[in-house]
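Chain IDs A, B, C, D, E, F, G and H follow the sequence of writing; residue 1 opens each chain.
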């Protein structure tokens, strides 16, 4: 329809309904404003129910409310990340169907059910302390329409727990590993499979962990190849990256 | 064939050719040694010509030679990364068909031509100083059988160069962005597309660049989602991660 | 009038109203105390209404109050930065006309209206979370008598928002870019214009953002030239630097 | 003339010499490629002789040569930064008039004399060890057409040297301070004047200097306002930032 | 008994009660799940009363309660580390015999008395501020069945206090040194003895202590050999490492 | 008197009142315990009223109370550093004459008036935000019997304030400079005098100040010689170091 | 024999062969000089052949030669660490039986054969690039009389290699793990055993490895307990720590 | 004589030999240039032979030569620090009496013998690798006229070496401790004495030593009070600081 707008303009010029100068003027800045080239959204093309996302950290409650009010006018699902329980109480007033996932600090407002993908995402986590981030990843992915499996509490301190669940690894198309402390889980998982592994370091730990730096460096320096790292505690980002891969997979399934 | 080995063993037990005790003994440690469960190699299943890889940094020339001599007995292609020109001279004596890519510091020995994938990888880089890493990524991906396009010298200091080449971005399935200095390229690219972006910070820069730390932090903290980061200067790792995604795509194409 | 003081002293010596020894004594330490050479204030020379500034962080409420009481005896405008709402409540008792800008944490007391400059400052910011710092810059600049425009929420994750507003960039004489997360906005803006760009990294972000370090390094290492960086979250400092440039511009306009 | 191209295209549509579809096609990607909006170059508009710049670090000699050969076809002056003496020897073969400044590691090829600005830049430096960076700044600024003064070896260890030269500070429009070790010079200078101060930390020092980090942090945290900081050892960047300010000044002089 | 399971399976094959295919299937993943090879627990083999451990940091009270409820069904002792007083109140409801050590933040539930080892562990600490970590180490070791001595408040600022207690050092088999500030105690102790010294840096200090980094680096760089370092404030880890050594000693005593 | 103890012991041996073996036994560990060689306290030798010191940070109120109760049995003055107001309330109950200095967080209990030294210490500070640390230094020094002068709010942003008070610098024997932000004050002061300058970086600042790191590095890398640096915010340590110097001076005055 | 010296002295006093004063004088400083309390060397007590060690880094060749010449006068074995090949050439002139281990950079001079311990040390390493450090550890331990096994090239990228060699882990008394890159090997090994694990991070890696920092932090933050960490590349220190443990084991074997 | 200059000027005004305007003009900038207030040099007042100092690092040989040639015109002694052997060869041509201290990298040219102070400086160092820095300190102090004692190789790994030499500590007025690795020596020394201790961390070490950072942090965080720290490897700075203290002592001796 942007193309359409230019077409109309050109037709008007052709029909002498618009002078060359006037057309020139309209064209000058138009491409950036209206062509909408940025983020050609494959997701939305492919899938209904793909949500709008609000990152709540650093925004006041009234700012979040204002943004959400605007979004609620449309029919999109809404996903609010890094949301406190207090914020949820306030959101519920304007969106009574909103659901809150406390550990993952997510608010979800589902207006339209999103069909799940055929491709599968596995979220693997080390210890129970990593649960908040792992759930942020799993629930976000689910909200993005991804089929999600969970394999939790399989840290390398007891590697038999991971090895006893190789089927999970084998059946996934994409794997997210969530781990704090030293974050060695990502290396071990990537050493066992040959598929994309997204690594999320968490800030779980203390002392020389330096707020997740230890796990971050571990994942960036892994001796096992095939790992893409996201920011510390960035469960959302991992899920989003997974969704870009999986939606390519869904497209590939259709195209052959 | 490992399965086969266990099958034979069980058959022997069944046929009383082997005592239960003796079988038990053989079985005890076997799974780890021989089942070969680790790295169920989708790549090799899918594609002939998938190379063996040697990381040359920190190995002496004679160590590399010894490993390569062993590999040459088989029919696999061979890819040696971080290889100096001197090393190449020595390798050439035992592998006369070896080719050297100086800027990318790669040695390739191709025994079997690998068919290129249908899915496409785009390698985007900022400045000409990032060329070495960008080429490591592009050539590695190519050696792994990936169809590769290059879009170089499109740093954000002159953003029209990137915007004038949106077609490249739109046609790729996976994008690798290679950038030093402040590494902002990854954010801009990920803001323009909705597909997996693999970001490689390079050590190009000086002063408060701290050997690539600036670009690394930029990429990890990108305000644009959908970015998986690898280690500084790790062109190989980016290509390998891309290959895990693209081979999932190829499988998806087949499976539908 | 300092010159005048020395002149008087010399005249007294000449007229034998003061002995050489006594004059010598007075002169010895005088230059540093009284010549007032430091900060020859072009600002005040050029513009009435230029405010006195109090940096409130690390000062107790009673200390701020004491300083302000002193300042209120003169006719200058007063600008208090990093001021909490509680502090404002207290200030209001001694300065009932004081106005508080909550997001920017600024208190302003305007006794004299300051005429705006002909030159224009543009404050550009990435996300809504950067608002506090952007407003500290914009409001400070305004209090310093600068004509200010704002272009907010144009982060590089959706670069069309920035590109659709090139007019703003083209019409400014000086640009302040305020950005957290990875801070790539500064590079993109400086790549689009050829005028002084002042970059303010913000502490917005988490994990490997390390309290604004990521954005700071990005801005220092920008591949685009023409950027001067100030401290993390230092909206005031950016505005002040902008004012030194713009007041040079105003002088140049007058001088020709 | 880009405007002209669109005008021609529209006229052709109007005259039915081009179909709407064909025009649409040409227009689609055109703005980014051809409108040349990026870096509307005030410098070139204002001043002949403004040079093309090559950053030589991380480029091979043959790459620099190739770029320069291309540039030499046009009539622009050329400035090559971070150039080794060896590189200069090679450059001289294709550009016999090239001049080399060893301490500043700059190659200059002047085809057209650039008239100096009315506004004045002062380059102040701490110790003789900072000379290389100070000269990179001064010579670059000069090559960009700026009138440059130098005030060297006035480090704060002997503050009378700086105080004895206040006239230099008072007569400049923009000041660049270059200092290594602890970099306190920038604070002292900015405390004495009320004009834009560009601070360049140098890597001069040892131990806990950490390659210039000490001076960088000093300059970013200055208790004196009005300082814009550039990367460690970035004499070029400081000069370029100064030139964006000074060319605004020159424009202001003309416009009034 | 895992061995037993495989034996039964093989016997069934032998007796034709199970087909080779079915046996093969069962065997495939079995080793990792059931052989229980990981952590062949010498401790439990050697000593009754060896406790189960819960690391409480980052777990919600209800999560700790759930884990503990499960553990209480068995007869093992239980040790909960990094436990707040609030948590203890809650634990006491389900385990009335639980004891709380406030400074060490430990909860202990002793169901079975553990006999103390013949080998001796000495816990040495610098200042009274290090007490919390020192006690975490001493009490943990004690709960693990180790004979523990304490030598506190012998920091190097008054080295005669340490030198006056050499007997303690001489009689221990393993020494844990706990120290904050600059952590020099570990070096001095290791210089006085020729036995394993486990060094625990604490986060006691301020400023350039950087949360224990100073003591950590001191201990890693000690000019005295024979020091193994654990994470900052990791009293538990030090005690656990000591227990692995001491239980080897107990075994050696038995074996001769 | 320790000498005396050994003398007695030897005399007993001589007089056959004690066997050689028994004497040997007593001597073995004696030197470390009783010779009291450590910290031969010149201070106490020289000056009555020299206080005992308690560092309160990281100690519980009851621990401080216990230590103080013990000290109160003797006639020494007592100085408690890093003491909160709450702690003071509690201390007052057992030591009603205790005085609290809120900004400096010091509790002092003076039982005996300490005569002031002839040598003079000057405490110089940058901004009013550094007051807490400057006062910790000044009051501590005073409690240690040092004659103290203060020169506050003379930061380098307005260097005339420092230069207008050169007399203070000239009359002191030792100077403590306290400064946050970029900490340049130490360099400027040390550049003006030729006497020992003790530099205390403070944690005053934000962003890339990194909790005082900026000022710390500035002071360690000063281009002016003659500076000894103590830990960030360590006003006490600076005063103590000053007292070691000044008490040497007092001794030198006596000895000639 | 020190005891003996005091005994003689006391006897002389008793026999009036020495005055009390003279004895007192001799005793005063004696304990520190002569009691030889420091490093009561269990090693030498237990085992002949225990070597003297020279750390060659930072010493000139002539300094090493001087130290060695002195040592050669006694009958001890000598071990020189961090020795270059050039140094070895020089050493060989004065010690013709000296042997050089190039990869481990060790020189050994064995004058007396040292009997191996009953307890066993296992040195496990990740990749072939870690060989230098692993061999420094293994050869040092061997020189210290320890029975050493090696298990190399079992990095976690192919975890089946480690799992296939569990026997090695099970049979050792102490384990040294040597790993660079992300250093996850230590965690996996410590998760598999219940015996002391000494972890040596190596500087093998690049980019965000930061010279071994990544592996160091991994090892300090391991989610598996029972790990003592030594400095980056400190193979010697790991072996020495192992020897302190193993010699305690040997003593325990004797004592029962 | 500066006072004198002003006196003359005033007298001329008085005698009408100079107009008030002319005098005013001369006075305006004079104080900073000529009063010579900076660095009122107690040293030179007190002692003949006090040398001029050249810091050679970062200066070219011809720059050093130029500076020295200028200095040689006067009768001062000259001390050149961080001087390479090559530089010395060149210096010797213009100053044949120059002496070179290779380990300390110092060139000394003594024109006048400087009498040694009564006060004594002790330089204590840890290992032989710290010799270069220790000697830079000791020789510099000696060149500054200080009486210097040395106590080398008394690192804390064998603390009896230090304790056996307490007399050295007791007899000094000021102590410089030079130590690399973990730098614990400073803490132990400051714990033993009650006099000013100047601590010099050295860059001796590897791995997590981070070029001297470990020792630096140790010294800044010492639990023993009375330590002033200088930059890593800054032997010169330590000696200079010591000289400022000792010259105060000499003055105190005279004044009484």
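Criterion: contacts are C-beta pairs under 8 Å (C-beta built on N, C-alpha and C of every residue); 3 or more make two chains touch, one makes a residue touch a chain.
Molecules present, by chain and UniProt name: A, B, C, D, E, F, G, H = PurE domain-containing protein.
Only a predicted model underlies this, so the values are computations on that prediction, with no experimental measurement involved.
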| item | value |
| --- | --- |
| Chain of greatest Cα-centre distance to chain G | C |
| Distance from the mean Cα position of chain H to that of chain D, given in whole angstrom | 39 |
| Between chain E and chain C, distance of the C-alpha-averaged centres to the nearest whole Å | 56 |
| Distance between the centres, which are taken as Cα means, of chain F and chain B, whole angstrom | 60 |
| Touching two or more other chains - residue numbers and ranges from chain G | 32, 35, 37-39, 158-159, 163, 166, 191-192, 207-209, 213, 216, 220-221, 225, 231 |
| Interchain contacts, given as pairs of chains that touch | A-B, A-C, A-D, A-E, A-G, B-C, B-D, B-E, B-G, C-D, C-F, C-H, D-F, D-H, E-F, E-G, E-H, F-G, F-H, G-H |
| Contact footprint of chain G on chain B as seen in their complex | 29, 32-39, 57-59, 63, 201, 203, 211-213, 216, 231-234 |
| Complex contact set, residues of chain F against chain D | 126-127, 155-159, 163, 181-184, 187-188, 190-192, 205, 207-210, 213-215, 217-225 |
| Sites on chain D touched by chain C in the complex | 37-43, 119, 166, 170, 173-174, 191-198, 216, 220-221, 225-231, 236-237, 240-241, 244-245, 247-250, 252-256 |
| Residues of chain B that touch chain E when the two form their complex | 3, 6-7, 10-11, 13-14, 16, 20, 23-24, 27-28, 30-32, 35 |
| Chain A partner contacts - residues on chain C that touch it in the complex | 128-129, 158-160, 163-164, 166-167, 204, 206-209 |
